[in-house]
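Some structures are shown below for you to check.
One chain, chain A, links the two complexes that follow: it is found with chain B in the first and with chain C in the second.
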Partner chain A sequence: MEYKYFYIDDWDKEDIAGTIRGIETGGGIKIEHSKPVGDWESEYDRIASQSNFHGIILDLRLQERVSLDGNHAKYSGSIIAHAIREMAKEKKINEFPLVLLSGNYNMQQFFDKTGEDAFDLRVLKEDLTDNAAFEALRLRLFALAKGYDQINQVSKGDTNKAIEQLLSFGCDGLEERFRQKIETFLNKPTHDFASFIIRNLLEKEGLLISEPLLAARLGVEINDSKEWQVLKELLDGTSYKGVFMEGWPRWWMYSIEKWWEETIGEDVRLQPISASKRVDILKEKLGLKGLVAANKIEKARSDQFWTICQGLKRPLDPIDGLLIVGQENAFPWQSKQYVSYEAAINRISVENWKDVAANEKDKLDQLKTFYSRERIRR
Partner chain B sequence: MAELLNGCGLCQDVGPLYDAQGRCMSHSTANEWQYHFEGLKLPIDTMSHTKPVGAVPFDVVLSVELTGRYANPTDQANPLIEVKKFNIEIFGLLDIEPIEGYASWHLDKDSAGDQKFIHPEYHLTFGGHRIWDKVQNYGQVIVLPSPRIAHPPMDAILGIDFILKNFLTKDRHETLTQRSEYKQIIQHSIHRLWKPYYSFIGNFWTAPGSQSFSNFSIFSIMPSLDTGI
Partner chain C sequence: MDNNQFNENVAFRVDAGLIDRLGRELVGRAETAVSELIKNAYDADAREVNVTFIDSDIAGGVLVIEDDGCGMTYNQLIDGFMTISSTDKIHNPKSERYERQRAGRKGIGRFATQRLGEHLTIVTQTNDSSNAFELEIDWKKYQIDQDITTITNSVRKIAKQKDEGTILIITMLRDPWTVKSIERIYRYVSDLFQPDYLSDEGSILRLANQKDNTFQVRFYRSADGIKTIIADPQKMIFDKALAVIEGSVDVDGKGEFSISSKNLRIEDFHNPVEYKKNESKYPNLKSIHFKAYYFIYEREEYYAGVSKLELRNIRALSEESSGIRLYRNGFRVLPYGEPNDDWLGLDIKIYSGEKGSTNIPYRNRNFFGFVEVLDIEGRFFEETASREGLLSNDAFRELQHFVSEALFSARLRLREGVTEIRKKGKIKELSNNQERIPVEELLDRIETFVTTGDPEKKEEAQNAVKELREEVRLLIDELGMIRVLAALGLTIAEFTHEVTQYTPSINGFIAALQPLQQNAEGIGLLEELRRGFNNFISYTAYFNTTISQNVSRELQPIRITDIVNRFVSAVKGDANKMGIKVKSEFYGGYDLFTVPMHPSEWTSVLYNLYTNSKKAIQRANSKGAIGIISGEEGDKIYIEFTDNGDGIAEKIKDRIFNAFFTTSLPAGFDAPSDERLVGTGLGLKIVKDIIETYGGRIFLIPPESGYVTCFRIEIPKASSKQLKEYGI
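Here is the complex of A and B:
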C-alpha cells in the first residue's frame, strides 16, 4: 500500500527535492509538492475539492516566496490546517492527517501554540539530518495515513470491541481509567481520537513504554549488548500492534511484567532487583550471553532502574531522581519523568527538562550544597 | 488514596499505587487479594533528636508486596496471608560527613516457629536487606535485629497513614488526614485489618478459648502473653 501526501511549501521544487527524496526512500509514501495558490479563497477551494491524497504536509510560513498566482500568499500553514479541520467537522471533506514541516526559526518566531492541536505531527526541517531521521518520519507518515483509515473504518457500535480492534489489545488488561477515557473519544472526530492516542498513549511513557525505557527496565545497556535485537524479537508478543504502530514502536508494560512472570517466575519480581541481576537472569534463562547490564549515573545509589534521566537519557531509579516541572496534569496511566541528581545539579541538557518540580527545589538546593562540600573535602 | 495524596501535594508521583491497583486486578483470586509496588516516595520533615546531628532526611520510600484474604463477615480470619515485602526506607544526607544517610524499617509476618529471640508474627524491625546495598560505610548505621516490635497488620493504606503521621508534623499532614474521605479510607482498612486482630487479642481475656477466629494463634501474634502460667 502506498499513501500519498500533498505537500504545500512556498519553496521551489528543486529546493525541497532532497527532502522529498529522503522521505520517499524506503517506499510506502508518495509526496506531491505544490506552492500555495496565493489567493485564500482559491486555496480553500483547491483543498475542498482534492480527494486523491491521504494526508497533507504544510510548511508554516507560506508568505516568503512567490505563490502559483504570482503574488505572495497572505496565509500560513496553520491557517490552512485550521480551515481543513473545520471543513472536516462540517463534513465537506474526509478527515486525514496533517503534518507541520517547518524550520526551527519560523517555528519559534511565528508558530502560535493555539494552532498546535490541528496538527498530528510537528517536524523541524533541521532535524532531518540523516537517513535515520528521514526513515522515522516516513514511518510516522505511513502510520498516520494508515491509522486514520483504520479509525475511520472501525465500527463504533460496540465500544469495547472497537477499542480492542484499534489497540489490538484486550480491554481486560487495560487500565480502567484509560479505557473510560478512550471510550469518550471514540465518537469524536477521527483527528481528536488520533491526537488522544498519539499525545497521551504513544508519546507518554506509562501503559506503553519506548525502547530506551524497555531496555532500562530490563537492566540492559542497548549500545553494548550484541543480543539486544534478539531479546526484542523474543518480546515481540508484548509489543504494541495497534493503530499508528509503524511510527511509534512501543511495548505494553502490562505484557512485559506478565512475560517476566511467565518466563522467569513470580518469585523474582522485575522492579526490586538490580540491573545486573536482571541481566544475569535474562542471560541464564534465555541463553543470551551477549547482554550487558546498564551502569548507574554518577551520584546515583540504586541500579533498580525504572525510568530514564531526562538530562542524560540514561537509566535511573526514581529514588535517585527529582521530578521535573509541568507534570501536574498527567493522566494516572502516565509515568512521571525524572532528572538524575547529576544532571539536575549540573543542568545537563536542561532544554529537555526545563526545571525540577516546585516541591523538589529545596531538595535540589540541599544536594547542591552537599555535593559542593563533598568536592572540597576530597 | 492515590488521588488524595496527589491532590494534597504530599506525593507527586503516585504511579506505584496505580501500578499496585492494576496488579491487584490481575493477580487476585476469588478468595485472595494480592498486590505489589516499589518506591512510593513520601516526604519527611526535619525533626529534633535526629542522629547524627545535622543529618537531613528527605525521602521516605514505601515498597510493599502483600497477599491477603477477602473479609468474610462470619469468619474473622488472619487478614494477611503473606507479607513478602513491607519496607520503609529513609534517604537523606549527613551533614558532618560528606556521605549519604540511609535507614530502613520493615514489617514482617513470620511464623513464630523455632526462633532464638522473641518473634511476634507481625513485627516492625529496623534494618532490612536493602540497608547493606545502600550503606558502604557500616559505621554510619548501627543495626540490631532486636527489638522486634509487635505491630498490627497493615495494608498499603495503613502504611501510608503510618508514614504520614510518624514522619510529618501534625500541621503538615492534617490538611490530608483530617479530611473525611481520608478518614473513611483509613477507617475501612482499620475495620478489615485491625478489628479482627485486636478483637482476637481482646478475646484472650474476655472470651478465653473462643474458637470463632481462624488462622490466629494468640502466642504467635503476642508471644509476650505466653507467661507459662
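Here is the complex of A and C:
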C-alpha cells in the first residue's frame, strides 16, 4: 500500500525536491508538492475538492515566495490546518492526518501554540539531518495515514472491542484510568483520538516504553551488545501492534514484566536487581552471550536502572536522578522523567530537559555544593 | 641625386643631422646628460671628478668636467669616442683598474655633450703617453643634408696637462645653470649611485655605491672669475626614520619584507610577499632588494630623539628627494622616485576598505628609499633608449607589484604601532593633567565658554576641542572598520539563514542516495559527503542560533557552562578535521553566571580565540589541543582559552590586543572586500573591547603543562540581585 500526501510549501519544487526524495526513499509514501494557490477562497476550494490523498503536509509560512497565482499568499499552514479540521467536523471532507513541516526560525517566530492541536505531527526541517531522521518521518507518515484509516473505519459500537482492535491489546491488561480516558476519546473526531494516542500513549513512556528504556530496564547496553537484535526479536510478542505502530516502535511494559515472569521466573523481580544481574540472568536463560550490561552514569550509585537520563540519554535509577520540570499534569499511567546528577549539575544537553522540577531545586543546589570542583593547576 | 657617381656597391650613409637628433632625443634632460658624463669618468676608473660651471647663469656658459681616470689613447679616442655606438663597454663590462661594474652601455656620452653645449673640447692623456690629445668638435657643423663622414674635427697633440685623465670643456651651453640648478644636478649626481649595497651580490659585483670613497665628485661654480665650491647636498639622516622597511626577492623569485621601528616597537622580519594567490613566486623577478625609510611629518611625538626642527628639515628635503628610487646595477634609473613620479602608485592608491589610513600617511613623500635591481646581463630589465625609465615588461610590472605589495603589507604593521602610540600619547598627555578627562566634561567646558563667553575659559575650551578632535579621529578610524565588519555580519546573518533553509533538501538527496549505492567507493564517497555536510550544518546551525539570539538585543546573565558547551559542540566537527582535540573543564561552583551580556558576544570572543588557536596550531604543525577551562574566583568568572600552537613571540605579547595588529598579509589590491577583512588585526581587539565593556579583562598567563599559549578572561560574576532581576 502506498499512501499519498499532498504537500503545500511556497518554496519552488527544485528547492525542496531533496526533502521529498529523502522522505519517499524506502517506499510506501508518495508526496505531491504544490505551492499555495495564493487566494484563500481558491485554496479552501482546492482542499475541499481534493480526495485522492491520505494526508497533507503543510509548511508554516506560505507567504514568503510567490504563489501559483503570482501573488504572495496571505494565509499560513496553520490556517489551512484549522480550516481542514473544521471542514471535517462539518463533514465536508474526511479526516486525514496533518503534518507541519517548518523551519525552526519560522516556527519560533510565527507559530501560535493554539494551532498546535490541529497537527498530528510537527517536524522541524532542520531536524532532517540524516537517513534515520528521514526514515523515521517516512514511517510516521505511513503510520498516520494507515492509522487514520483504521480509526475512521473501526466500528465504535462496542467501545472495549474498538479499543482492543485499535491498540491490538486486550483491555484486561490495560491500566484502568487509561482505558477510561481513551474511551472518552473514541467518539471524538479522528484527529482528537489520534492526538491522544500519539501524545499521551506513544510519546510518553509508561504503559508503552521505547527501545532505549526497554534496554535500560533489561540492564542492556544497546551499543555494545551484539545480540540486542536477537533479544528484541524474542520480545516481539510484547511489542505494540496497535494503531500508528509503524511510526512509533514501542513495547508494552505490562507484557515485558509478564514475559520476565514467564521466562525468568516469578521469584526474581526485574526492578530491584542490578543491571549486571539482569543481564547475567538473560544470558543464562536465553543463551545470549553477546549481551553487555549498561554502566552507571558518573555520580550515580545504583544500577537498578528504571529510567533514562534526559540529559545523557543513558540508563538511570530514579533514585540517582532529579525530576525534570513540566510533569505536573502527567497522566497516572505515564512514567516520570529524570535527569542524572551529572547531567543536571553540568547542564548537559539542557535543551532536552529545560530544568529540574521546582521541588528538586534545593537538592540540586546541595549537589552543586557537594560536587564543587577545586582546580589544581598542572 | 645628381652628384652621386654610379657605383655597383652602395653603402648606407648617415646624415650629419642625426647627431643633433640623437643628442636631443636620446638624452632628454640636461641632468641626464651630466650624469652620463660622470658615469663615463667612473667607468674610466676616475677617483675624482670636478665639475665646474663657468659664467653659466644665462645660456652660453662653459662646463668643464675633469677626471683623473685612465684617459684615452689616440686609438681609443678614434675607435671609442669618435665611433658612434662603439661596443667597448659591451666587450669589457668591468673597468680595468678598480673592476667597477661599468655604468654606460649604449655609449651615448658623446651625445650628452652635444645635448649640453654647442662646442666640445676633449683633452685626454694616459699614464703611458708622453703627450695629450686635444679634440675639438663643433656640433653646429652637424647640420642636416650633410654626410656625417664629410665633417671633420681637429685633433692635436699637446703637452700633457696632468698624469692621466680626461677633461671635457663644453662651451656655448644650451641651458642656463644657476646655483639652484647646479645644486639640483649635484644632488642628482650624488644620487646616481646606489646609497649602499643591499645585498651580498651587490658588493661582490662591486656595484657603484655612494659609500665608495674611491670615487668623488665635486661641483664648482665660477662667476666673474671667482670659483666657489657647491656644498655637499644634504645627506638624509636615515637613522631618524620612524620605520625602516626592507624587502627582497631571492634568486628563486620568493619575496619577503621586514619592518622595524624602535619608536613604534615593531620588529617583524621575513614576512612573505606573494605574487599571486596560487603563484607565490615571482616568475621574472630575482635578486631584488629594497630599503625604505619611512617618516610621518609633523608628528614629532612619534619619534624619540628627533626634534621638531629636524623633522621640519626632513620634510623640506622630502619636497625634492623623497620617493622610492630605482638603482639598476648600482646606477640610478630615472624617473623612478623623482618628484611627481608615482611608479609604485603610492599617491593614487585609494585603498578602499582599509581604514586607519588617516593616521598612516603613505605617499611618496613619506619615503626615502631605493630599490636595488641586479641584472648585469640585462636579461630582465631593459632601459629605454632615452635612459629615462625601464621598459614596462613583465619583470618591471612584477617589480612594481612586489615593492608596492611589501610596502602596503608593512603599513598594516605600522597602523597598529601608530594607533597604539597615539593612544599612549594621549593618555600620557592626560595623565600630566592628573586625570583623564571624560568626554562629558570636555563638552561642558566648551559649552561654558560658548554660553558665558568668558575669555578666561577660552584656552580651556580650545584644549577641550583639541582633545575631542583627537578622540573623534581615533574613533572614526575604528568605527570605519567596525562598520565594514558590521555590514559583513549582517550579510553573514542573512546568508546563513538562507543557506540553512536548503539543508533539508540536500540531506534528503543524501538519504535518497543511500539505497542506490552499489560499490564500495560509492558508499565511501557518500559517507564522506554526509560527514562533510553534517559539519557544515553544525557550523551554520551554531551561527544561525547566534544570529537569532541577536534578534533580541536584550542582555542577560550568561551561564558560562552553556556558552562553552554549545561552542565546543559547534566547533568539534571542524576541530576534528584538523586533528585538534577540544576539551572543556569547569571548576568551582556550577552556576557560573557573568554579569548581563549578550550571548552572541561570547560567540565572537570564543570564535576569535578559536580561530587564532587554530592558526597557531597549523603553524606549529603539531597534534592540536585546545582547552577551555572555566571557573570562578572570588567575584569573578574566568575562562582560560589555551592551545598548543606555536605560541606568541615574547616581543609581540603586549601588542596582540592592539587595533590593527596582525601577522597576516594584506589581500591583493583587487581582492574582494571580504578577503580584505581577513587579518584586519581587529579580532583580539574586539575581544578585548567586549570583555572590557563589562568590566572584565583579558590577558596572557603561563599555560598549564601540555599547552603553549593561554589567554585568561576574567569577567564579573552576576550579583544575586541581577540573577533575581532576570528570574534566574
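By our rule, the second predicted complex is superposed on the first by the 372 of 378 C-alpha atoms of A that agree within 3 Å, B and C clash if a C-alpha of one lies under 4 Å from a C-alpha of the other, contacts with A are read in each partner's own complex, and residues count from 1 in each chain.
Basically, a residue touches a chain if its C-beta (ideal position, glycine included) is under 8 Å from a C-beta of that chain, and two chains touch if they have at least 3 such contacts.
Keep in mind the model is a prediction, meaning the values are calculated, not measured.
Undergrad: After lining both complexes up on chain A, report clash or fit for chain B versus chain C.
TA: Result for chain B and chain C: fit.
Undergrad: Tell me the contact category for A:E126 with respect to chain B and chain C: first, second, both or neither.
TA: After superposition on chain A, A:E126 lies in contact with chain C alone.
Undergrad: Quick one: classify A:E175 as touching chain B (first), chain C (second), both or neither.
TA: first
Undergrad: Can A:D149 be said to touch chain B (first), chain C (second), both, or neither?
TA: neither
Undergrad: Would you sort A:F134 into first (chain B), second (chain C), both or neither based on which partner it touches?
TA: A:F134 contacts chain C only, not chain B.
Undergrad: Taking the superposition as given, does A:R373 touch the first partner, chain B, the second, chain C, both, or neither?
TA: Once the two structures are laid over each other on A, A:R373 reaches both partners.
Undergrad: Tell me the contact category for A:D117 with respect to chain B and chain C: first, second, both or neither.
TA: neither
Undergrad: For the overlay built on chain A, what is the smallest gap between any CA atom of chain B and any CA atom of chain C, in Å?
TA: 15
Undergrad: Kindly list the residues of chain A that each of chain B and chain C touches, one partner per complex.
TA: After superposing on chain A, chain A residues 373-374, 377-378 contact both chain B and chain C.
Undergrad: Applying the document's contact rule, which stretches of chain B touch chain A when the two form their complex?
TA: Listed in rising order, the residues of chain B that touch chain A are 2, 9, 12-15, 18, 22-23, 25-26, 36, 38-39, 41, 43, 56, 58-59, 61, 63, 65, 85, 91, 93, 98, 100, 133-134.
Undergrad: Inside the complex, what are the residues of chain A that reach chain C?
TA: Going through chain A, the ones touching chain C are 11, 15-26, 103, 105, 108, 125-126, 128-131, 133-135, 345-348, 350, 368-369, 371-375, 377-378.
Undergrad: Tell me, which parts of chain C touch chain A in their complex?
TA: 497, 500-512, 514-515, 530, 534, 537, 541, 544, 548, 559, 561-562, 565, 586-591, 629, 631, 704-706
Undergrad: So in the complex, which bits of chain A are touching chain B?
TA: Touch residues, chain A against chain B: 173, 175-176, 206, 254, 257-258, 269, 271-272, 274, 301-302, 304, 306, 317-319, 323, 327, 332-333, 335-336, 357, 359, 363, 366-367, 370, 373-374, 377-378.
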